[in-house]
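Two complexes, one shared chain (chain A), two partners (chain B, chain C).
Right, the complex of A and B next:
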């Protein structure tokens, strides 16, 4: 089965418009001014779905849907914002738990009907959904169990993030379609020709990315002595203008490299400031001069970013039996969006959508978290996937001793 | 005790290598790109060059190629974060005598040096 970039773009647009419809419904009912920040389609390991929700408490509604498309969809609000939404819907309702729950169910029902209707209209077929089921859980537990995927361990997830303007709370819509019907539908909509990517190759590439993340985590552990685990790795697809929004407005320290080969693109290794200081101190045998993030910390981060980058992309090169060259790392220290914006703009000269490869690693030992984001040239990634031999996908490591 | 030239664009990595090596070897120079590596090699004629691959201006494979062309007896160990098979083959072709991938521990560095420049 194959998917093509154009139909991925269409599906992404459908999910985005559905989320916009849901947001308009909410604004009409509550007067809350919100907008859809970003919508993306991700191919992700079942176990990693919703990892980005962290440990926060959420309240929301869940539906099962079936028909032209089947699966589960969920709308969740940050727990702290629920009272405000409920009271906006019906003043004082938040004081009465039963009324609050009913209000959430109703607003969820209306919002999500709008979300699902757009899919049904596009597909020209009905999609039925169950009554809303109220949910109140923390982190990824708020999401339904990932659909059965048969032989693969990866699923497609549609995720929209809705930003409540002037507030620090967000809402999320997740759609988890059943794997087989979804891939069949993608395949049916794929244009015949060179643009189409076999889904199994995209999955194999995702597995290579997971191994690359594990290698980068191993490198951190070896250099800094901080036990580090690869947490998430996924490949997402979004309009190029939405790419900077994926990283957010928090301040990061890290490295950017441009890589060339199969494919070319950009790779960022980012640390929040606390993580950057913690990992840099663990790398350095001596005390640093001064407080906060010093030049010595930055030099250490620059080299760590370089080594993590290689750990990440070497696997692609070895599997594809080609080289992926990269520039020396450029140190960055800025808001996430400001770091990624010029890179997306560069890619945007040649493409309207982007594949974004995201990985995350963390440790419980100290406050440490790092993310890796790769932005490959879309056409070259397609060509690289075309060349990819799925049976070589495990051959990510090279043995220097054998060669020398 | 061998005379060693360190070529790496990362100050952090040059410091780390110096700390590992200076107890047993004589560091004759530290440079941060391939052009400087070739120049200092010609001036100092060290027993060994610890050569990074990804460096600005001129990369370590090109620099190794030139060093080996002018002094075939020179010893060069690639000391790099790049773990790509094709790159390792390029390094062999350029004449590199050893290959260490970062991150490394002191014993693996010392072992690689011992293989190339026996004491």
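Right, the complex of A and C next:
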């Protein structure tokens, strides 16, 4: 089954408009001004869905939908932000748990009806949904179980992050369509052009990214002696102007390289400042001069970024049977979005959408977390995947076990 | 994109603090009621802040690439040339007089530019903004461009002040 970049773009836009519609409904009801910050479609391992929700408490509503598409969708609010929403709808309601709950249900129902109707309109087909079910859980547990996809452990997820303008409170819409109908629909909407991507290949690529992340984590472990785990890897697709939003606005330290070969692109290894200090100190035998992030810390991060990059890229090169070379790492220490923005702009000269490969690793030993983001040239990535198909024609199922 | 004219405000604006409006990448906002317009994480991107000294109308656009001619894309606010034009037009529509508009610009850093030949996107963004503003006869009265660091902006539209924040240095007020 093949999907094309055009249909990925269309479906992403559809999810984004749906989220905007839902947000407008809420604004009308409550007078709270909010905005859809980012919408992306990701191919992600079932086990990793909702990882970005952390340990926060969430409340919200869940629906099942079926028809042209089937699956589950949820709208979740950060628990701390619900009081304001509930009170805006019905003053004082937040004091009374049952009234608070029914207010969340009501808002959720109206928001999500708009979201689902948008899909039905576009697809020109009915999508029925169940009444809202109130949910209240922490972290990823608030999300419905990912649909069983049978042969693959990967699923497509649509995610919108919505932000209040005056406060740093977010809420999220997740849509988890069943894999088969979703991919069928995407392939139906695929133009019969040259830019089609076999979904199996995209999945193989995703697995390869996980291997690359594991290799990078091993390198950290060897070098710093800190037991490090690869946590998440996913491939997402978003308009180029949304790419910088994948990274927070805090200050990060890390390295950036440009890689060449097939595909070419950019690879970032980022640490938040605390992680950078902790991991650098694990690497350094001596005491540092001064407080905070010193030049010695930065030198250690540069070295670490380099071996993580090599680990990651090697895995990639192996599978694609291509040489992937990269420039020496450039050390960065700046606002997250400002780091990634010039890279997105450079890709944006030739493409409107981008594939973003995100990986995350962390350790329990010290407070340390690192993310790897790769931004491949879209056209070259497609060609590389195509190449993989041609060279391994006997393995069109792209059995990752065989490839690796 | 919306024009904020004060008629459709939420209860929050009853507070003493002016309303804060975020401007994302490849987006713009115009205000006529003293709201604070902010945008964050400018690397090679550039923020163009326009302020009409007569009417107090203010606008901010966050552009990513130099020219709409180079890429096929319908979003005018993504490019330095069409983004600047769009902002001037929207401000005029909101009551601003192009003859009393002044510009302040920030961003266009050349951090992480891997291009080996020619000038980087940051530089080209800055040149394009200058060129387009000149076509409209709009003077640049303050700027903080280039260098190799990121910036976040805050346009205080009751005064026209543009506050530029960087990760590693103090704020600059233009």
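Heads up, the rule we're going with is that the second predicted complex is superposed on the first by the 388 of 404 C-alpha atoms of A that agree within 3 Å, B and C clash if a C-alpha of one lies under 4 Å from a C-alpha of the other, contacts with A are read in each partner's own complex, and residues count from 1 in each chain.
We take it that a contact is a pair of C-beta atoms (placed from the backbone, for glycine too) under 8 Å apart; a residue touches a chain by one contact, two chains touch by 3 or more.
Keep in mind the model is a prediction, meaning the values are calculated, not measured.
Visitor: Answer with clash or fit: chain B and chain C placed together on chain A by superposition.
Guide: Here chain B and chain C can both sit on chain A without a clash.
Visitor: For A:137, decide between first (touching chain B), second (touching chain C), both and neither.
Guide: neither
Visitor: Report the partner of chain A that touches more of its residues: chain B or chain C.
Guide: Counting contacted residues of chain A, the larger count belongs to C.
Visitor: Kindly classify A:223 by the partners it touches after superposition: chain B alone (first), chain C alone (second), both, or neither?
Guide: After superposing on A, A:223 lies in contact with chain B but is clear of chain C.
Visitor: According to the stated criteria, A:299 is in contact with first (chain B), second (chain C), both, or neither; which is it?
Guide: After superposing on A, A:299 lies in contact with chain B but is clear of chain C.
Visitor: Using the superposition on chain A described above, determine whether A:310 touches chain B (first), chain C (second), both, or neither.
Guide: first
Visitor: Once the shared chain is lined up, is A:283 touching chain B (first), chain C (second), both, or neither of them?
Guide: Once the two structures are laid over each other on A, A:283 reaches chain B alone.
Visitor: For A:327, select first, second, both or neither according to whether it touches chain B, chain C, the two together, or no partner.
Guide: Both partners, chain B and chain C.
Visitor: Look at A:256 in the shared chain and tell me whether it touches chain B only, chain C only, both, or neither; answer first, second, both or neither.
Guide: It touches chain C, and chain B stays clear.
Visitor: Determine the nearest approach in Å between the Cα atoms of chain B and those of chain C after overlaying the two structures.
Guide: When the complexes share the chain A frame, the smallest chain B-chain C C-alpha distance is 12 Å.
Visitor: Need the overlap of the two footprints on chain A, from chain B and from chain C, as residue ranges.
Guide: Dual-contact residues (chain A): 327.
Visitor: Which of the residues in chain C end up touching chain A in this complex?
Guide: Counting only chain C, the residues touching chain A are 10-12, 20-22, 24-26, 40-45, 64-65, 70-73, 75, 78, 109-115, 120-122, 149-152, 166-168.
Visitor: Residue numbers of chain A touching chain C in their complex, please.
Guide: 31-33, 35, 37, 163, 165-166, 240-242, 244-245, 249, 251, 256, 258, 266, 327, 330, 332-346, 348-350, 352
Visitor: List the residues on chain A that touch chain B in their complex, please.
Guide: Where chain A meets chain B, its residues are 219, 222-223, 283-285, 299-300, 302-303, 306-307, 309-311, 314, 317-318, 321-328, 397-398, 400, 403-404.
Visitor: Inside the complex, what are the residues of chain B that reach chain A?
Guide: Touching chain A from chain B are residues 9-13, 19, 54-56, 80-90, 92, 96-103, 105.
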